[in-house]
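Below is one structure; the comments refer to it alone.
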Amino acid sequence: MRIAIYPGSFDPVTLGHMDIIVRASKIFDRVIVATLINKDKNAVFTADERVNLLEKSLIGLKNVEVVKFEGLLVDYAKKVNATTIIRGLRAVTDFEYELQLALVNKKLCKDIETVFLTTSPENIYISSSVVKQIASFNGDISNFVPKSILNDLMGKFK
Amino acid sequence: MRIAIYPGSFDPVTLGHMDIIVRASKIFDRVIVATLINKDKNAVFTADERVNLLEKSLIGLKNVEVVKFEGLLVDYAKKVNATTIIRGLRAVTDFEYELQLALVNKKLCKDIETVFLTTSPENIYISSSVVKQIASFNGDISNFVPKSILNDLMGKFK
Amino acid sequence: MRIAIYPGSFDPVTLGHMDIIVRASKIFDRVIVATLINKDKNAVFTADERVNLLEKSLIGLKNVEVVKFEGLLVDYAKKVNATTIIRGLRAVTDFEYELQLALVNKKLCKDIETVFLTTSPENIYISSSVVKQIASFNGDISNFVPKSILNDLMGKFK
Amino acid sequence: MRIAIYPGSFDPVTLGHMDIIVRASKIFDRVIVATLINKDKNAVFTADERVNLLEKSLIGLKNVEVVKFEGLLVDYAKKVNATTIIRGLRAVTDFEYELQLALVNKKLCKDIETVFLTTSPENIYISSSVVKQIASFNGDISNFVPKSILNDLMGKFK
Amino acid sequence: MRIAIYPGSFDPVTLGHMDIIVRASKIFDRVIVATLINKDKNAVFTADERVNLLEKSLIGLKNVEVVKFEGLLVDYAKKVNATTIIRGLRAVTDFEYELQLALVNKKLCKDIETVFLTTSPENIYISSSVVKQIASFNGDISNFVPKSILNDLMGKFK
Amino acid sequence: MRIAIYPGSFDPVTLGHMDIIVRASKIFDRVIVATLINKDKNAVFTADERVNLLEKSLIGLKNVEVVKFEGLLVDYAKKVNATTIIRGLRAVTDFEYELQLALVNKKLCKDIETVFLTTSPENIYISSSVVKQIASFNGDISNFVPKSILNDLMGKFK
């Protein structure tokens, strides 16, 4: 069984993340969406809230599972028997940072590969920080996040 | 069974291509290396020679197969039941061109995903055209191509 | 009256070009779509055919006009009293080339400005060369070009 | 009447900003320079000081006006009847960020276009943060900012 | 005598920095490694610790010297009679930032040139922040830093 | 004595090339400007004409010498005892290509370093191909090339 891990902050999950997860779920037998417990970063949502939003958004995707993790990604990947790391690419600046991460992770653990997927063009400009910025000014975020969590997000930002 | 297709000119195959093929062979059940029969492009090797060089280089990789193809890649992928296209990424300019190709292919056939892999740092500067340019000046290409085909290449370039 | 010039090869016009033209027509009083008569470049369509395809595609846009030109763009712009050059941007590699062109044109004629527009995400991967490549393999180009010229294009490529 | 809005922090205004404003003032009937009241960002100058420095720098440009704003840019643009957003482009990393912003703003309000201008080469390396860094070490900033505000800036940084 | 200055935070020195220093020491008569005393940046090591780690790593390189500095780089360069600034380039985003710095420094002092060197591919993904992140999770950093300071680093991070 | 080699097509030499050569002549004891005898590339000027234009442009630079070469650059560099290759960087796309070349040359000959210099902003948009394109339309190229060769160029293009 081929297990892939998709790590991220997901603060909150966007339609861009959803796009990557759906694509990955077709390529791999099992996809583990791994929410980073990032202590120092000033997240809007707690790790548990972010996991909860992901789970609400992913209902119906049978081979996808949501977890929390901290520490080195490659260590966690080995623990859950994932042999592939999934990353989304949208822009050139993404690409360079992601390439560096992939090379470092390969150096730390040579048995784990990183594969890159890209979102559909209509999601290419969506990011969690864009969602948070628009929401903080009471802008309309319904085109950027899964419908099933829109109310939860609006509640938080009010 | 998950079948992936890795298309290219492979004129000739390099250690960079080999790196991608070996990585892909660990992620997918079967990898089809599809050599493009490019008529107008001034290739040094014929399509049959390029297939032959690939086959010599890939001995021992059980789930990898070499073929020739022409026409639209997505049509050929469907014909051989491949659901994933593999592409290697080395540089930013690669990335932009590849992103465009991936979006076009997705538009032409929504059931086929493109995934991107990266080579090891020591192969990041290798390309078929670099190999051809160095060989044309009798430079040493032994660090850039599989050992098993070095003599074949030297013969051609002399 | 503010006149802008939108230069290009338009071999053939795509939905990406159309997107830029429609946007420009809202910002400027008059937009001149200037088709480059490029002798050495191996165009599929003649300059007259390209102008004709543009005119068919632009029916209904009252402040837009299609012309042919050769020579230096800034000279032609001055001749038709255009004070602004319009260029579309999709990718980073586009951007660098376009920035160089804009600086050169500014140096050649300091009274003419270049402004850049971007297409909608759904057109971001469309280019004339993609259209020609797909059409040459009998692929479906209906998502990439204006409907009003689809038959003309199919006729040409058959 | 065509109204364009040029948003920014302007902390402080530089010769690069001035270059963009002068160019925009030739293309549009009226240009509104909109100073962002950014609370969390650690600005050196208050919003009122930044507006004041802009006004001093822009004396003589008849169709340019300086304002403060907060909230979503597209909301403010609609309020002042601006149909175009002006942004300056200097570098590739600028471009990617700006492209994302433009696509988000288009999604939030489809009637407002973003157009990009570029500065002259001699201003291409100037930014507000470069000015602040040099001034903080008593370096010479006279090549980077309008002459009319040089004394005000020196006073602040001492 | 040609003196070059190689400025940086070196928090801590990595094999990537070492690569650049060794290359520079072959091109110039004397190389001054200038450690920036950056007060506001949250460095893990003090300036004195960083200098000490550099000195331990550079034993045997006769024409290389380590110093601390604060203020404008060009002022310090003039003070020590350096006529060239050395910078390492790994990625496109590096390049744009570095190009801006080089142009600013040239404007501030026209007699000082900036030259760029690149690391070997096997160091291309190494940075001080990657080292710190891995070390903070007890990951293995022995492939990223000079052997002679590995114990010092491990002691600090525990 | 530190000898550097600056290779290129120089078809024809521009103010951008001149800028790099002058900078390099201050950093190295001797600079060899090496004109590539490129047979297949459709050059406007012969190798001898290009050397002649360089020599006319470089009068007064005592430690600079112009030569022709063919074959692998590293072989020629070794022959003339050059230990450093000089390359100019203007744009991101330049950078990626140049980085690849530098890594390949380092692999072919580990004793030769590549160093990168950048031109002044006012030359950043100048290239030989821009000069040729403008000249072919009788445009004004006096801002792009050394004055001492302007007449020679005009004669050629007429």
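For this structure, a couple of remarks:
Order of writing sets the chain letters: A, B, C, D, E and F. Residues in each chain are counted from 1.
Heads up, the rule we're going with is that a residue touches a chain if its C-beta (ideal position, glycine included) is under 8 Å from a C-beta of that chain, and two chains touch if they have at least 3 such contacts.
In this text, all values refer to a predicted model and were calculated from it rather than measured experimentally.
Of all chains in the assembly, those touching chain C and also chain E are A, B, D, F.
Using mean Cα coordinates as chain centres, the one most removed from chain E is C. When the contact pairs of C-F are matched by residue number against B-F, D-F or E-F, over half are shared only with B-F.
Mean C-alpha positions place chain A and chain E at a centre distance of 34 Å. Per-chain CA centroids place chain A at a distance of 38 Å from chain C. Averaged C-alpha coordinates put the centre of chain B at 47 Å from the centre of chain D. Shared interface positions of chain F, defined as residues touching 2 or more other chains, are 92-93, 96, 99, 103, 121, 124-125. Chain pairs that touch one another are A-B, A-C, A-D, A-E, B-C, B-E, B-F, C-D, C-F, D-E, D-F, E-F. Here chain B touches chain A in the complex through residues 2, 23, 26-27, 83-84, 89, 92, 95-96, 99, 102-103, 106, 113-118, 120-121, going by the rule given at the top.
Chain contact summary for the complex, chain E toward chain D: residues 71-72, 75, 92-93, 96, 99-100, 103-104, 107-108.
Those residues of chain F that touch chain C in the complex are listed here as 91-93, 124-125, 127, 130, 134, 137, 139-140, 143.
Contact residues on chain D toward chain F in their complex (touch as defined above): 92, 121-122, 124-125.
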